[in-house]
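Consider the two complexes below, in which subunit A is the common component and subunit B and subunit C are the respective partners.
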Partner chain A sequence: MASLPTADTQSSNKTSLLMTYLQVTPLTVVLTFFFLIPVALVVAVSFFRYQMLVGLVPDFVLTNYIDLIKNPTTWTLYLSTLKFTLIVLVITFVLGFWIAYFLVFHVRNLLVAIGLFLICTVPFWTSNIIRMISWRPVLGKEGLINSALLKAGAIDQPIEWLLYSDFSVVVAYVHLFTLFMIVPIFNSMARIDKSLLEAAVDAGASRWGVVWNVVLPLSKTGIALGALFVVTLVMGDFFVVTVMSGGLSGSATSGIFNDLQFLNYPRAAANAVILLIIVLLIAAAIFRVVDVRKELVR
Partner chain B sequence: MSSSPSYGPRPWTFYVLAALFTLFVIFLYGPMIGVLILSFQGPSASLVFPLRDPSLMWFDELFNPRRTGDVVGAFYRSLPLAGIVMLLTVLVSVTAGFAFRRRFWGSTAIFYTAIASLIVPGLVLSIGILVTFRYLGQSASWYTSGLGAHLSWSLPFGLLIMFAVLGRLNPSYEEAAYDLGATKWQTVKEVVVPIVFPGMIAVALFGFTLSYDEFPRSWLTVGSKNTLPLEIWTMTTNVTSPALYALGTVTTVVSFIVIAIALSSIILIQRKRSS
Partner chain C sequence: MNKTATKTESGEIRLVNVSKKFGPSYAVQNINLTIPHGSYCCLLGPSGCGKTTILRMIAGHETPSSGEIFIGDQMVVGKSPVERGTAMMFQSYALFPHLTILDNVAFYLKMRGVGRDERRQRAEEMLRRVQLHHLKDRMPAQLSGGQQQRVALARSLITNPRVLLLDEPLSALDEFLRLKMRGELKSLQHELGITFVHVTHTQPEAIALADMVVVMDTGRIDQADSAKEIFNSPRTPYVARFMGGQNVLTGTVSQISDKVVYIGHAGGGTFEATRTDMPAEQGKPISIAVRRDRIRLRRGSGASGVNQISGVVEATEYQGSFVKVTIDVGGDVFVANVSDADYFAEPVDRGDAVTAQWAAADVHLLSKLDTGAAGDPYANATH
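The block that comes next holds the complex of A and B.
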């Protein structure tokens, strides 16, 4: 399946190289103007001075960063974000792995597998905010779960911690982001040659041994991509945590949001830079474990 | 698709995982169906079950706003924006996908920039684009800064899909076409496009819905006039009536129509090809 240009003929090399650069130009232009320059400006602004009523004053000061590091709230928010990230990562991985495994190795009819896969992906195309809100009538004080439990006599007072708590935040994250695990893992697993599994069984591997020694290593690209998505989505989230915790919990971005409300762009930018560095470090760590690009173009 | 013992009775793990899958689907769809039902709530305006005196009054409320804000206007901004993003995403990521089939100087840098653009927190980029436009002396609006913000997120997605699609396009097919005397244009038309087309529809679907539902990247970049997700967000804080659910039902229906169009066109193409 090598699609690398080793087979290219020498004669067409010059013109096709020019062509290649032309093909990649639009992407590069968009990324430059709407990603590289904006991020560079965020970094620059993070060193600016903030002055009441004036706003941005171009300068090179570290006060924004020092402010943030000295402020215990920053630490609380980042720790809370990391906590959510870890919990959600574990849950979505376990769910995503086994659901993908079920679809690829247990459903025997290809059409049925594709159909079930589509059922998993359809909600992704609908509004995240609506899907988040849809938990309110389920988890609320007078919601479905509480009223069902009350009716059944299992409890005599509605459970308070179902909504507007860390629990409901995790439920919403898992609801929104498990898909980002299922799709890449499914994609990796679908490429595994089934005869490998049979060979492993013939060689005396147990069912669990096959999963652990064959399926898991061969789906690591998908797992890495899924983890990348889930980590960055949870770390960058502000809206789910705000709505689902009822404002009780915060995330790293809540700090940024607050500063923006007071038009304190320099400190918001400094906080954004810190968040960005953490996210990029995690991404780099994932890329170190798995060379995603090599596996993708393979 | 068969597990290691290809035939014979299903292993016990099948039933365990089938149960897990069923529960997951209920978890995925249950709340959405609840919202769908509750959007037909009667004048009691209760936000929870049971449904009393079903009516369409909250849909009426939505389209004839007295309290709910400018939903219709937001819809007429979100729809064209999603359309433009879809078109540009297909054009740009398909051409870029072809460029990445060979190794060229800078390819790694561009690839990692695209990945970084995908994973940068939306709010961070939102600030950056706002500041950029402020320095350029431009005011933010949905068709300039908003469009760019959405592209910064839909293009890398499109590129990743194109990688998966083009991985299946073996260069020897094209070489075979050349060897049989096809011109470059013929090869593209008769060999490349048919293989790539379903992938292009997937990219289009991604482009449309990523833009149509995008919230964090829109937040600071669409200017004074809200797109639909921002309007919904405002409603979640202001509106405490089932009109919110009615809006949820309407946007979900629009999403489902788009998915149905995309999927049925893929099926149509496949059927046409096999006949």
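The block that comes next holds the complex of A and C.
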């Protein structure tokens, strides 16, 4: 195995370099065709001119961006999206953290843990539309909750804000996206050496002290990844918000959707670019707080 | 300053009828053990014998299924480690990977609500004591195994415990560090004067460190005694075999006098042993132990007198100050550790017929009959 710097090793260096390029090629090709080129196209189109009846006119104008920024609807939509993102982020984090904590540290039987984990995926066993529709018999005016409350005498009139409101939108988001918090947090927590928890107890930490000083900091990566999932999913959604709010609320993406229906591709593209930049900024902020890459290698 | 464990309360540990069940099976059963205050106690046994379970029950990380545990005069079952005045050093060291060395050591003080400046100062003092002050801002992953262990030690000691519990503290270190740390643990215990309970599966470690060695077999204590007693006069075949250094022979009691028990061996010889409090009954089988280093070898077969056994040399192994000669005596293994001077004066080799001989004083009666279960830990190289 003694390797001397001869022609032999040089040629083997060359082959290994070739191998490296070969290994990288498939991913590069896929990313180029399905990610880089489409994004570049969108960016290009966002500077095109839109003409009624004609449609796209290749050009380099900033009118699409200026239109959007001047339009108060854009601001309303973005603010509403950010509001939903924040609320959903907080709720899914709290739920996801404790569910993962329970699964990792309290369920001793692996089979039971896997079973409970599968239950968390139940919302994904059916299609999005059915999932949305099935909220109606629960939250609707004559739905489960209202009729139960009426019968119990807690209220005399059905609660209106249960369905077709910000509340129902948040409920649907939480229902859908909590799993995306659970999985990465579960993954980080599962890698925590259990004796660390005992060491903390040994040093006089209370149950809450253990969570705050040991479990939470060591789950940071999972929380960051989960937050990233939830942020991108909520920011990119328009279906849930439209259906669950009964069309009363919108999201940044609904703005894009509207423009597309009027065939105003340039403005939709500009809107998409703005949304992309905002999501990237949020992602950068998350990565700034937690060095996910370092933690993943660990 | 420290509310719980400072006023040199007694660190005597008493286990009364302690059992621990995991599911349907017992990890330990009916343990009765008293570890005196200020002693260095080693729990010794093969893996799965329940020694770590006992340690964890003393530490409060495991609750006994039945029985009581006292530390000092306090019944501690159900109490937290801090209330018990125990501190545990984990086998994996269990340093918090996200905290600096200083914060690791200061963790206990932080949990007690000690102010930032004071706890930093006290943690730095403790780190100076274990000679790691220069590494205080490093993360645990940046330290070597030996350094990590010192940090773990510092983190345990800052709680000012009356009992320090060590779970296989030396097993992850290389040979050189292990011997060094072993010496340091012993002198630390001497200096602090608190009770140390140390779990290990390595016999020399237990003998070198402990005032009291507790030898465990699957869930039971076989013998709890001083290291000298355990090594010289094991009470059971299991202890004799597990501690090594002994040959275990089985025969039938042929005659009992006031002072001597005569035992007939299946191979034809007769053994004599000093009579002790061990049960011996005429006509019943009995096991005896003979120290390996008290055996003289001579060439030739034909064991004629008492306390002799003949066989064929199976292997010789040079160990520096002595030579380990393994002899096949009619299918059983008999080991003689011959001093190097004696060996090289009259070397024997594989295939030679030899007779081993020993004095009656070096024979010990055992309380149980040998089943050969534990085997010889030295025979199948522990390292």
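Basically, the second predicted complex is superposed on the first by the 274 of 298 C-alpha atoms of A that agree within 3 Å, B and C clash if a C-alpha of one lies under 4 Å from a C-alpha of the other, contacts with A are read in each partner's own complex, and residues count from 1 in each chain.
Here is the rule we use: a contact is a pair of C-beta atoms (placed from the backbone, for glycine too) under 8 Å apart; a residue touches a chain by one contact, two chains touch by 3 or more.
For clarity, every value in this text was computed on a predicted model and none was experimentally measured.
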Kindly classify A:A113 by the partners it touches after superposition: subunit B alone (first), subunit C alone (second), both, or neither? first
Contact-wise, after the overlay, does A:G209 reach subunit B, subunit C, both or neither (first, second, both, neither)? second
After lining up the shared chain so the two structures overlap, which partner does A:P217 touch, if you call subunit B first and subunit C second: first, second, both or neither? second
Between subunit B and subunit C, point out the one touching more subunit A residues. B
Would you check which partner chain A:L95 touches, where first means subunit B only, second means subunit C only, and both and neither mean what they say? first
State whether A:E198 touches subunit B only (first), subunit C only (second), both chains, or neither. both
Scan A:V230 for contacts with subunit B and subunit C and give back first, second, both or neither. neither
According to the stated criteria, A:S134 is in contact with first (subunit B), second (subunit C), both, or neither; which is it? first
Pick out the shared contact residues on subunit A: the ones touching subunit B in one complex and subunit C in the other. 198, 200-201
Listed in rising order, the residues of subunit B that touch subunit A in the complex are 1-6, 10-11, 13-14, 17-18, 20-21, 24-25, 27-32, 34-35, 38, 47-49, 91-93, 95-96, 98-104, 107-108, 110-111, 113-125, 127-129, 131-132, 135, 148-149, 151-152, 155, 159-160, 163-164, 166-172, 175, 205, 209, 212-213, 215-216, 220, 228-229, 232-233, 236, 244-245, 247-248, 251-252, 255-256, 258-259, 263
Name, in rising order, each residue of subunit C that touches subunit A in their complex. 59-61, 80-82, 86-88, 90-92, 94-98, 107-108, 110-112, 155-156, 159
What residues of subunit A sit close enough to touch subunit C in their complex? 193, 195-196, 198-206, 209, 213-214, 217-218
Touching subunit B in the complex: which residues of subunit A? 1, 3-5, 7-8, 16-17, 20-21, 23-24, 26-28, 30-31, 33-39, 41-42, 45, 95, 98-99, 101-110, 113, 116, 118-120, 122-131, 133-138, 140, 142-144, 147, 175, 178, 187, 194, 197-198, 200-201, 207, 210, 228-229, 232, 235-239, 243, 253, 256-257, 260, 265, 268-269, 272, 275-276, 279-280, 283, 292-293, 296-298
